[in-house]
Amino acid sequence: MVSPNRYDVTDWPVGDAADDIGEVINSIIADVRARQDRSDDGGRGKPGAVIHIPPGDYRLRTQVLVDLSFLRIEGSGHGFTSSSIRFNVPEDEWDDLHELWPGGSRVLVDLDVPDGAEPSAGAAFLVAREGSPRISSVEFAGFCIDGLHFEADGSGLDPENTYANGKTGIHVASANDSFRVNSMGFVYLEHALTVHHADALSVHDNFVAECGSCIELRGWGQASKVTDNLVGAGPRGHSILAENHGGLLVTANNVFPRGASSVHLTGVSRSSVTNNRLHSFYPGMVVLEDCSEVLVATNHLLRDSEPWTPFVGVDNGLDDDHGLLRVGGTGNSVIGNHVSEVLAAASVRPPGTTPVVIRLVDGTGHHVANNHVVATDIDPGTGESAFEAQVDALLGARSSRPLEVVTVLVDPASTANTVLDSGRRDQVVIDATVNAFRPTPGIGEG
Amino acid sequence: MVSPNRYDVTDWPVGDAADDIGEVINSIIADVRARQDRSDDGGRGKPGAVIHIPPGDYRLRTQVLVDLSFLRIEGSGHGFTSSSIRFNVPEDEWDDLHELWPGGSRVLVDLDVPDGAEPSAGAAFLVAREGSPRISSVEFAGFCIDGLHFEADGSGLDPENTYANGKTGIHVASANDSFRVNSMGFVYLEHALTVHHADALSVHDNFVAECGSCIELRGWGQASKVTDNLVGAGPRGHSILAENHGGLLVTANNVFPRGASSVHLTGVSRSSVTNNRLHSFYPGMVVLEDCSEVLVATNHLLRDSEPWTPFVGVDNGLDDDHGLLRVGGTGNSVIGNHVSEVLAAASVRPPGTTPVVIRLVDGTGHHVANNHVVATDIDPGTGESAFEAQVDALLGARSSRPLEVVTVLVDPASTANTVLDSGRRDQVVIDATVNAFRPTPGIGEG
Amino acid sequence: MVSPNRYDVTDWPVGDAADDIGEVINSIIADVRARQDRSDDGGRGKPGAVIHIPPGDYRLRTQVLVDLSFLRIEGSGHGFTSSSIRFNVPEDEWDDLHELWPGGSRVLVDLDVPDGAEPSAGAAFLVAREGSPRISSVEFAGFCIDGLHFEADGSGLDPENTYANGKTGIHVASANDSFRVNSMGFVYLEHALTVHHADALSVHDNFVAECGSCIELRGWGQASKVTDNLVGAGPRGHSILAENHGGLLVTANNVFPRGASSVHLTGVSRSSVTNNRLHSFYPGMVVLEDCSEVLVATNHLLRDSEPWTPFVGVDNGLDDDHGLLRVGGTGNSVIGNHVSEVLAAASVRPPGTTPVVIRLVDGTGHHVANNHVVATDIDPGTGESAFEAQVDALLGARSSRPLEVVTVLVDPASTANTVLDSGRRDQVVIDATVNAFRPTPGIGEG
């Protein structure tokens, strides 16, 4: 009774996985459906299947539609390499490169996406099933989804630097339960992973980089986790975004630039963003918008300047008083975080502004305690870029000096907050008659 | 020399895995034992084996006995779907359901467990070996263990809602070293995973839900980790329990209801419960009983009300002054946690009690610092359930108001504690002559 | 088109994997190289391959050279068992042992390493490729690398207890991107895993124990993570070491003894060591040397005494005023940690010294807040070892009493620091005229 529930895309009679893995996987899914019925034969059910994608290049010309529970699509290599670096190497040097493309178990997304199409239309893998129960236990593991190229978008950027191509790696459209996305690689997609209406989702140990947006939890959801991922979005996108989630745990992620935001939560309640390492080139790194009772704790936030010539001058458009960590809603906690802000004072925008680190913009009852901000003015010399100055400062080749910042700004629209030990009295802007405030003691005050 | 150490339960000449996977795996283990001896042939040993369980339904009528080191039993799908929801759908609607049962690589536990049998008797997988060295490096990965049905227990609950059937998924009875339980699914078992006497155990990235108790580390143990799991026990069981462990790390778990407790430690020393997201419907969410020097930090705790009709009125029997986080023993630390308590003041038990969030019940030297409690009275209207009021409050459809709570209660039996910035002076009950105390500043006190 | 990119070392025509898996894997790599070229065929590239190592014993007589991107070498069992315990059991009892050696998918490193050879010479797996792009997405997963024996080193220790044999498990010599080391086992190697020049490296969920040094990130690197590992080095080595890294995330690890250090960072900037459980027998557990803006938060540190006869008297040579957590550089944060120090006062070295827990040795702007230290004098009786006393104290068989310690020592060479709530006034040594200081309130001061 050798199992019929194990498939290999390279050993399936319908289609040619190298030419169109989408056709092959859809044919396999049809086979699973035809073989497995729902009969409740003393506990027997519809167990699903595993589909193996061995290392190799597989073009995807047909969108895969997943509408079965218990389907695991599994490769043997996340296959990331930097396409962004490659496309910014002059073409006449390409002959010297060891390889040009990502690899591993690699799906080359070659869909024709019409302008203005719904995001789901450009998805390599679309998961959709209505009715009850919610589609459950679909798993994606260990393969690479590569969007191949970005496209001109009128911004004046080189087409390969736009982070736009209308392509999505995995798009989950229907309410779902107990999904897993593990050990995957995503590269050069406008949207890497978009999951609507998730319950008990696990997004764990993936490599999601050089995508417009990376991990987007849309609509609403609950009791999910985004853990232990390496993530970095494009300058206009989100590295990790969640809408209207409750009980979300975002932890142990290493989020690198760019990304208009590193973690953006909107309408999220009673959730955690803890213990992440976050790095951004712009203000608005961590955003809590209309959020309630979210814990942001023991994260490391670094904001410094764009180092790479192709992207110098590209940013998310926000001013430096926007707040690196911007909080609105009710009863959120910001505890025990370290923030490093490294800027040339002369580059602060708009000129004359004092950069703001933690900003409470509205709502009540936020609790900000025990955060440590280190702000450094890297003071570039004539003809030196902010990044060159930053490197020089790090190497000790120039002396850096403290940058004046507001460590916590409490807007008048936000009241009844508690701000403890998160900046000296001269670093915090707060109306202490309508908030609770204890400044970090200054030198010699002990 | 194609490896003889790789087995597939669907391709083994003894037994029929679909009818009794237990017989098949025991036969495979006997084969490994017969082929591998202990001779120290210049470093050669007894390497063990891997046993594959492809996706499919496999009845287990015979308990598996694992008594070899280096055995990995591996499937291709944790296969969770909610049996609890299904069994609470009226039967006449079952025809409309896409599927009735969990799936993936699914073991259907069909053991006949006599009443009053030892817990090990009802285990699908029993791991036991005495002598030296301790049995090592047994791994369970990527499959589903399904107990199929719960049973009437005299409680008056629907049999499928009792969380009782005498079945255990994996029961490790002997002292063991370097075990791994990864990416597994457990459902509808009275006990999912019970491990006695663990050293350097890793329980990582599993889905353990709708089981009476989920992860139980019994007897004693050391240097283990329970990380990055999705977990939720029944109303009378434990989601994560540990006895007499040292150096245990419980982190990055998302623990949802029910569960009489979310994390229950008894006799545990010098261990960590950090960075988890915990959700419960009852008091006694996190319990440190006779524990010493345990760190409970940067967790998010939410306690609200049972939302689901079949379980309304079912709870763990504890009063609201029991403490959501209850601490006894010596020198424990409770630092930087966020607690959300959402209750109808009128439903507090016993009536007139002020709910207690952190309670130090005995011992000395506990350190409670920098915790933030948000307590909300959801004030249900006439004829509205607590849960309906809760949803209305969350949606803004009704105004909620603060709930009066004791954020920290230090019992007279506990002294020499330090309580800092974990509640205003009017929210903390403490004898400041025998403890150290600094209240969170109130509004206007800065 | 059954995939040609999937290999099995036990089913390859060149060499004999049982006799020399190194020869076999090098032959496979040569085959991959010969079959895959770099041609940019409409997006097709060089996808690499997966090489399976089934459970079994595989001698390695030839070093493996990995110089291809997208290569995954994968086994089915990390196979750890304690060789250290076995070699310290009298030989005449070996006949009673169930097994003598580690197992799983086990590589027996049988290289002849000349004295004084470069560390790379003794590596079972050497990864090296110069030129562009950096070698990417090489993955090691799920197998065991066993150095078999340690060797006499003139220290007087039993040869099997020296932690020296010139062997390395995996040595990455070249700049690299997006590597993964997951679910591996390493045992009895002088160096387990050494990675130079890492970018976006993930070292996740491994078992690295009984090795001289365990995880060493050498040279420089960025945006990497070391997460969820079980780790323990030898008395003279490092459990986790990083040089000149930026944006490193070290979290959710359970690091047990020995290890001259648990986490040693040198020249590291803007990184995180959070949420780990760390256990050591010596001072100098966590070292930040010339580090800037590193966050050390919500870790549990336990330092107690060597329990095991073969190693009693072996230590890292540091005195007890060295600091368990020793910080130098600029602007580091030490927030919300729990420290347990368990010593016999009479054994403190040098006699009469007060042990130091957190020591700021140089630099400026460090932030130490909200740490809790529990120090216990285990007071051994006559003829009782420190460890016996420690066990007796834990079991309540003798009364223990507080040990006098300095919770924070700020050296005169370090100024402009902030120390808050990390020890009572009598426990902190600080010049409050050049630092900011707020002591933890004492009993009755509230």
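Here are a few things to note about the model shown:
For clarity, chains are labelled A, B and C in written order, and residue numbers in each chain start from 1.
Note that in this section contacts are C-beta pairs under 8 Å (C-beta built on N, C-alpha and C of every residue); 3 or more make two chains touch, one makes a residue touch a chain.
All values derive from a computational prediction rather than experimental measurement.
Its C-alpha atoms fitted onto chain C, chain A is found rotated by 120°, rounded in steps of 5.
Residue numbering shows that chain B and chain C use the same positions for less than half of their mutual interface.
Averaged C-alpha coordinates give centres for chain B and chain C that are 29 Å from one another. Among all residues of chain B, those that touch two or more other chains are 228, 252, 275, 298, 336, 370.
By the touch rule above, chain B contacts chain C in their complex via residues 1-3, 5-6, 38, 40, 43-50, 69-70, 72, 74, 129, 131-133, 135-137, 139, 177-178, 180, 182, 200, 202, 204, 223-225, 227-228, 247-249, 251-252, 269-272, 274-275, 293, 295, 297-298, 330-331, 333, 335-336, 365, 367, 369-370, 416, 418-420, 430, 432-439. Taken together, the chain C residues at the contact with chain B in this complex read 8, 10-11, 16-18, 54-57, 59, 76-82, 85-86, 89, 94, 96-106, 108, 110, 146, 148, 183, 185, 205, 207, 209, 228, 230, 252, 254, 256, 275-277, 279, 298-300, 302, 336-338, 340, 370, 372, 374, 394, 421, 440-446.
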